[in-house]
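This is the structure I want to talk about, given as structure tokens.
Naming follows writing order (A, B, C, D and E), and every chain is counted from residue 1.
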């Protein structure tokens, strides 16, 4: 998973680790100090990891007392978005997405979250954009952050879901552009038609990938919203409902774009068949306008001893004129029947 | 979101604001007077806003004590139709639609409604048609308006849903017209076929957009109808059921038109392939009728010293006649096998 | 909605109105006498209306005490099949269908039913076939009619659902005929192919319309069958289950025909592409058999001073024979590779 | 519904009628003796009918006290598979299928079952295969037959569902054969392609019919399995679960084959378009190889007084060679660009 | 079901049979000793069979007291994945898959599991890979194996589900490769296009088969996870949830690939139609560039007595040049309109 962003190589696996009390940052912690901090009442610990090695993750597991299976998931990455309840903690897998500028392809990362009564652990995999903004935003609104780690989970989900919006909007825009290309096909060349078809396919592939990332997110969010998931304070639920709404909107847009692309491809095929008919007619018309004079010329190229016209003084010119007239008659006829 | 309707620029953000008691307009209010009016028993406040600035919205929020998240939604617009319950109020997002006469494209607006025990706030975004008619209609039936703000919500939904009807009916009509064009394809030219294909696609796109606006509306209406949504008096429920029926009808029509358009496109493609076969056969037949005389002419254009026919007195005429006979024979043959 | 059936113009809006006691017709009534009749114990009133004017409908509403919204629905027509419960009555909308003989198109009517404890009101819109048969059949089985107005509703639904059966069966037959035309495409001409395509589309349109009329009927019938709908005696439920079964069968047939038509259209397109390939090959073969002799003729039409063959005594005949041989060789070759 | 199987004409409508006690055949009965037999404790009556006349069916109805509606269903045949509960009996409709050897078409029959506490009545319609085997198999396992008529119903359903298996497996095989034909399209001729398309369509039609017969069967079986259907002893339930599994497998196979056939048709169309492109290129290449020599011949067939080449001693041969060279060059060029 | 793997022929039907106590292997058993071992408290028996003969299976049935129907299923194989509860045991059918290296085709096997309070019986059919690894892995983690036979079932399911992963990933890779071939169609030849189409179809067929094997597995796993299935200790449930997650991922990937392949086929067809148009244009252009000189040559091949140009000294050269100019003009024209 080597990526081209050189300046990420210096990133330490522990992005930030701190205890929060009453909505404010109480103390920065090292991994070793976590267990002690957890035992203090009225404060919670928030640690952010970036592609940690297994040894670090095991250390973190020990500090927070996390479940084996969840840790294994966090090591493997390549999970689908899901929410799992363990006795005393909630494990959430989210997928992040971004469009790589250089290739235009979508790339997906993952963020795993362990949520407990008084801690939240986030593990980020393969995502170029750090979540530092989330922490800053949370620290800027202490009255909300005071709700505890459940609010941090909301802030993180909101942040991640918001990353999908520009991607989906860009696709909506591209679909609209493609519509123009497809429906005005006749003026553009075949190269444009080929490219449009390829673009339609690639957009569809992106939408299929996006759907796989976004659709299960709705389920995760719905469970956070409705069921009795522990460590999510009741006051935070309307916020999750808000995130849920955004996810549903993304999903609806993805589905609508997919349907439009399918229709666009069908319309494209239909238009190209029309174009084929049109070309065939036009080609035929011009071919006839060449074939008829050729036939006349062939007739007067025959070597019969007795072809009176050949001896006429203006026979040649009459032949030329008759060729022209025949071609013109064909031209007019084809024009009338709209073959030209 | 600049639109071409110049006379809307003078519209004030507060369209109307009044207190109602016993179904009749009791007093016009300024925004500052709302809180006082709300404290009077037996009356409710109805305020209508049009694309208000954030400051005005915050002022209104304060007067009615509305929830932060709902207000943020109302500022952002671009919501999907939804119903959200807050402790003491209901927040409803509806989408309005109209066909812009100049471009023929659909344009969607939004109307947000805050419904409380004794108030209703409507916030209109990007809709060209004002809701003034709703207020007039409500004030004209005081016995119904006396049911309170729940009835106003019904009147508004009914008004908005009724806006979709002419749009969907126009599309139904266009689909019927397109059927005619598509099925009588052979007589129309390729230009007509191209246009029909484009029209099919564009109608489908409109239907996809409409569905996104109408389908969640059914859900909103269903919740207003069945569940224990506060502030909706029981007497009003049959009215919401009526609106619900209209929405279902719209939905069914939208789905039926989508299916018909898909079939029309397939039939179109099929018919054009038939037409292609037909053209190919006809072209071939005519080509053969030119090629055979050309071949005969070629034969008698050969320079062999000894070609007896060339010396015949009527050789030339015999050749011409045989060309004609060959072409005629081909013509008859092709006619019989229906290539012509 | 002007129709061609002249003799319907004399139809009075009140088809029949009578009180029934113990399963037998007790007395014919005028609209004014209804309220009095309703107050007699042990009898029920059955009135049948045909496209009544609003004034008559309002009069009927008053006599039976019907709900405003239901009456408005009955005036507007253009409802979808539905069942609505009001406090003391049930309102049912059914759609009727018939194929207009002259045009072959489907036409839909509506029948609205108000069902109360001791009355049933039927309002028929735009249906050519009267429901008189229903009344006769009911009066012929007094022991069943004694079950009250609920049984009349069953008889009416049974009658209406039975109208769909011949329509759907006719479509099944047409689909089978079309299969024959489509799969034996090669022998039929392009005109037949064009017509088959158009027929497929039109049948599909009919099926889409039928589905919109029949599918919600299943829901209506299911509610009559299962839920505690008032005024439906328990003994009548098995009869509604029977109607329900018929509706499900209609639905399944409609869906199966739709799927078959979609496949037929795809197979049709496929077969026409095969035919196109076949024609192209055959055309090419014949073109080659003309082009090669033409080329040979061209060669011996060259004016070189020294072309020895031209001076041969039988040169011309040798040339002709070689043309023939070339053409024959091509013919045999094409036959072998199945291009001919 | 006249069928070609002559030896069925002698079949009597009452196939067999007997009382069973403790799993063994106690006595053969005539229809008149049934009522008496039913009154004996500890035994049940099993009667098998084949396309009975209405009078016989009415007689049977009287003996067992069956419900009117069920009897009417049994007379009409043409029911969909269903299970209906009456007060004291269960009415089950099953569909049987067989492939008619002579035409290869599927033909469907029906078997209706009335199941009571101490009786089972089976009515077979239009099925070529008798159910005699079922009775023999049941009588051969008295310990199971002792479970009563519920076990007989299981044995019958198992027998009927097993009839579908070879049909579905034969279709699976045919689909696999068709895959071969479709994917190796290029070597086979157009006739094969046409036939493959027709076969695909016909198989799909068969699958649509099969699905209509099998899918509701799953529902019937599920109800027998799970709900409190009377007269089905608890011990028999695992057996019905087994039948249910078979039905689900049939359904899954039918759906999978349908999807494969759809894909096969699409792949077929795609392959034929590739073939068309290929042919077009090859035809063009050969056409060019004829057209260029013809053009050269035309040039030297011109009658200009001064064409020096015409006087060259070897001009003719040089012309011939240049024609050949041109054609060869074209040949090589087309080969290289893979048009040949 | 003869397979090419010779060294499997020596495999004995009883792979391994042992008693386990406290997570450790207590004793190897013969089939006859099983019943005795089952009567010892605190230990369970695990026997693995490979395609056992009926007699052996009956012997095993007797030892464990298994249900008749389940044993019949285990003999027949060809079951779909399912879970069935019997009074004192659970019967699970799983399907295994592997890609046969020599043919590239998928081959499916089956593993049947009987799970009781203190025993687990596995019966493997037609699977090339033995489950020996499962036993080794279990024996290596005694603390987990001490949870009893329920944990063994988990280990087995995990092992089998993990077999699907490389298959699905390989298909994902192939789909990506095919995308490249399809979208860069123009450069590849028709042979590549034909092969790509066939590959798309075959991959789709594989996905349909895979889905039939994997989708019901989700249901099986879900029941093990949620409902009160006996003999599954509560501690094992998170592990089954993990397996469930993997199955869902497989399913989502299978569905996504199917959708992509459908789109790829449509895009392919579209691109080939574009290519056809392009070829047709190019062919036409070159044909015109040959036809026009041929026509000019024909004109000057006419034998009119009076064609002044024929007597010009440089007439021939002028004719040649005019031919060239005409062709060049056409060339430039076609280039400009992008036909070349």
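Everything that follows uses one rule, which is that a residue touches a chain if its C-beta (ideal position, glycine included) is under 8 Å from a C-beta of that chain, and two chains touch if they have at least 3 such contacts.
Owing to the predicted nature of the structure, the values given are computational and were not obtained by experimental measurement.
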List every chain that touches both chain A and chain D. E
Chain E and chain C - chains in contact with each: D
Between chain A and chain E, centroid-to-centroid distance (C-alpha), Å: 26
Could you state the distance in Å from the CA-based centre of chain B to that of chain E? 42
Multi-partner residues of chain C (at least 2 other chains): 266, 269, 273, 275-276, 280, 287, 291, 294, 298, 301-303, 307
The residues of chain C that touch chain D in their complex are 179, 182-183, 186, 238-239, 241-242, 245, 248-249, 252, 256, 259-260, 263-264, 266-267, 269-271, 273-278, 280-281, 284, 287-288, 291-292, 294-295, 298-299, 301-307, 338
Name, in rising order, each residue of chain B that touches chain A in their complex. 67, 69, 73, 79-80, 82, 84, 86, 189-191, 193-194, 197-198, 200-202, 204-205, 208-209, 212, 262, 265-266, 268-269, 272-273, 275-276, 279-280, 283, 286-287, 290-291, 293-294, 297-298, 300-303, 307, 309-316, 319-320, 323
